[in-house]
């Protein structure tokens, strides 16, 4: 490409910037409008979750995981309690597993709605699709409020199950939501994914090839957008996912549009999963008999779930005490940022924002 | 279901090319000599061999006497996983070869380990503090870090 | 003409005569001429500024309410009836805020920039004929004046961006200047096609010639003009100058207090002024049914245009900066040229060579030809452009992953 | 066709503008503008008689000057501030303090007091909850073996100073007892709803009742 | 006749002086001010002043053109160039010969002024041409745009076309010069 | 003094521009001064066309030559157009020079061939 070369300008995008999705900072060097270099700067929200976890007992850490990916607390809880259960050999009752899966999928819809809305906001749609998305997300948050009394920081799951059974309010509201949601998702798709301006802004922008995606270790919708059909719900079925029938949507070439479209499709799959769960669920206990102070045998385990952002894993090492010896979090948002430079170099400033938006980071998880 | 690959297969594969680099092993993980970690990783990544194309995560654990670096590997094509470990002894000037040439995903994770555990990765192009600021004193995830 | 006049003719000369007689009666025999010039000018400016500022205040309320409804929200509704007091509360808040100037800023440039942005917008309204009269109705270069005056905007945006010594602001103002210059060309082309039929630069003449509204006569010209006017006032989908998700706030990042209020005023005045210009050029100005005065029809048409702008603003995302420039140079300019070419041929054939008059029958013929031509062109362009972006293969799973357990 | 998507988008936004049930569930907290129709409903009279009787109020509400209070709808499960603490259930065992992940509950017990639930117990001298640092996870409530501590349902606890955010024992004692039904299935069974203003006394909230004297003596005697 | 109405009033006189003084002041500022960006802003002020002079001279069309091209296009181009070359700090220096040059310029100005004032200009008034054309002349001068456009496309059509070609060539040349080869 | 004062303004603008052209180091400043000179000439041309009687008008008094009253304005239109072309080219050259010499000062670009 030829063009007028000008002096490079270094711009600090963030930590306070409307579309860095938190306190993320990018030090970008522009040549005119084109990105010639960039360096992500992290740590503005670092709270030392892993260190804090070493001084708390296994139940208390659930509250810490809420605050990592704060738009998808359920998935964090699920990933954590699954690791603890594996470490200490707790068997979870079936009803609890079903409710966990329903919650995780609801949370996935909520998180994807937020990602889609903010991506559209980054493209410049003046918050209209964002608010349509939030309208639906709000209903899911209302469901969570019925379930566990909180909307964002849920702390719903406990090692061994969940702390409280869902009552009839919840099931009725869930039925209504499941009936309405596909319609709204279709409308959202019609509003956005056929819009020529969105296509012009996102198609073939920030392509990440399949080999690169695996090499850079990205997971979740970004990996699937790059044609890699890899989903832990199918590849390594946890809870009761092997009893459910659902598809893994993949993208065409791994551009921003695919990342965005895969999320739209995944939401519809999640609706399917929830419908099946509602049909299959039976009455029963919701929590295994676990002591408050869990003392697992010395050992270590790594367990991961497919969170909305990608593979969310916990690596726990127990020394036989009441709190883990080491608690390492494989945070998908953090690792998904690795190919940032690969995706962004050579694109314009507007593309930088959309590519970053399509990765869908949450700074609570990036910095932990 | 992602299976954990039989350790003997990994040992065979490594021993074919690099004998004497395995320190010990148990049911699910293999301990490698720290100097050979890069070569072992490239053997494991080999698409014709075990094809561990995906590095799930790198973790560092401080066992007071030594540090253990844990590599969780996944093969996406064959759907199995493995755990490779290595030990670094001492508290100061710890160094380990970087695997960033083999898996690019090691970039941010190795930086994080350097930041929080203080293990240097040789060959990493941009080994700076990541979550804490430059000029921070100490490495807070170490067990002997007291803070201020 | 049995029209009821709520407002007396407010043009410069009626003011002048009024003041002239007043000064004559007061006893300034000799100097009454120039004094009444100054008085007339002053009172006209006062009127224009206050009218526009009030209209802008109302417009901000209208915009916020309308967009809020589009976004399934409520919008401001607390302050006074229907939230109508909100703009005034905003102004009071902005005035009372601390007026910060960055220490590195180019202070005089930084200070003058808001005024330089506001003044051209204010000037435009003086030549708009609201019901057969305007503040300066007799200006015979009316539309040229508008085009010339709007080009000052880019300088003002440059001053604001450069003066605040902020990288976001400079990026925004560089984008702004490039974009405003580019879109002036299609805008001028759109206007030229109007002038070809109207045969005059004066705004009142253009209105008088619209026996059939020009939007019906030349839809393509309207499209070109509307698109470039939207870009000129930098609203979605062309709002690259501010682009709040990319540049923070673009050229007005560093402004606060009363300076920001003035920038904000200029920015929100632009849709009013633009819709007035569009109404005059394409929607027949104050033409309408006789049972209500012309001002009413004019304002009604303005509201329709503003509503359409808001509808678009609340629906469409923003284009990228190179796509915007490409749209101006590759599509709009060509469409503008084609439109002029077409109109020129039609005018040359249909116009009475002696009197130079286009009858309404002629215009109907032109309208028929132009609509057919426009639809054909747009469909052709759409298929031509759309092929590449719409055809997308089905996804093929990558061979690098296999979720089935090994052995199966 | 290229360009149709844009027009379709315009149609969808217009649909959302026009159809009323597409509107976001907006609660105009803390008060709501009302129309004359709503006012008539609130005063439980028919619309037209109401308008005829109160023309001034009708006009005022038409221009949007009449407000009525509107609360945010909450589920009874909502876990909020204003802990509900029943001192005659509490034995001062400090399980809550032990379970708090942040360690913000401070309990000091004195010499023996009497607990209505279990007979003898410690006397609580200090019971401070620093809700400035509380994250409302509810682990303390979950830990309480005697159902003495409950989450509240309030959320309007803004203070000018952080030190005012510490709830001490007097505040806890004197506070209105509106426990949330969170982790208290017995309250759900009773249909308790703290948002409508239900208060619950200590007998109502517990999982177990005070045993009669005979029961007690029998229990100890069997040992 | 032509000097009737607007041109004769004192208000126009006042505006003439305001416009001309500010024009000359800003022209001096263009060459004297240190900061090049501000100098370019003063250049814009000069352009605006000249547009005002055009309006006073009854050439509204030219004033519009002046606004469009000088203010809207040329000055923005200049500012772009200033920002692109990024040497505002070097600023608006003069070289060592400036005193000599200023003497030359001053001398030229004095010469021109003396020539202007000493020449006996043959001004338009009613006596200079036949009575039957007076109305036409007034119409031509006061409503000049139709006449101008007609002249551009009849008498000066060759020049008009050539200017168009020149502009095209200039645009292409500028693009060719500025483009980087790779 | 109606004509003369406009002419004097034109002359002053021209000589200020002349001073700038001859004395400035910065090439963009030179270009700006050049624009000042153009403007001085424009003012002069329009003023002359407004106030003086064209030669043709005096000789061909019987024919339709009234339009020649506007010759000065036509000239100005052409001058403005040419100025636009000149500025575009000039700035392009300046940027090209800046790219090779890393300087915009005329004193620095004293080689024809780099």
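Going in written order, the chains are labelled A, B, C, D, E and F, and every chain counts its residues from 1.
Everything that follows uses one rule, which is that a contact is a pair of C-beta atoms (placed from the backbone, for glycine too) under 8 Å apart; a residue touches a chain by one contact, two chains touch by 3 or more.
Note that the structure is a prediction, hence the values are computed from the model and not measured.
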If a chain touches chain B and chain C alike, it appears here: A
Highest C-beta pair count, chain pair: E-F
Centroid-based (C-alpha) most distant chain relative to chain D: F
Separation of mean Cα positions, chain F and chain C [Å, integer]: 33
Separation of chain D from chain E, taking each centre as the mean of its C-alpha atoms, in whole Å: 75
Inter-chain centre distance, chain E versus chain F - centres from mean C-alpha coordinates, in Å: 7
Intercentroid distance (Cα basis), chain F paired with chain D, Å: 79
For chain A, residues that touch 2 or more chains besides their own: 4-5, 128, 131-132, 135, 191, 195-197, 199, 214, 228, 230, 235
Residues of chain C touching at least two other chains: 70, 72-73, 170, 314-316, 386, 389, 400-401, 403
Sites on chain D at which at least two other chains make contact: 2-4, 6, 9, 12-13, 16, 24
Residues on chain C engaged by chain D in the complex (per definition of touch): 69-70, 72-74, 77, 80-83, 311-312, 314-316, 378-379, 381-383, 385-386, 389-390
Residues of chain A touching chain B in the complex: 42-43, 46, 48, 50-51, 212, 214-218, 228, 230, 232, 235-237, 302, 304, 311, 313, 315, 317, 325-326, 328, 330, 334-335, 337-339, 367-368
Contact set on chain F toward chain E in their complex: 2-9, 11-20, 22-26, 28-29, 31-33, 35-36, 39, 42-43, 46-47, 50-53, 57-58, 61-62, 66-67, 69-70, 73-74, 76-78, 80-89, 91-96, 98-99, 103-105, 107
Chain A-touching residues of chain B, taken from the complex the two chains share: 1-2, 53-57, 59, 61-62, 70, 72, 76, 79, 83, 103-105, 107-109, 112, 116, 129-133, 140-141
Footprint of chain A on chain C - complex, ascending: 67, 70-73, 167-168, 170-171, 175, 236-237, 239-240, 243-248, 313-323, 386, 389, 392-398, 400-401, 403
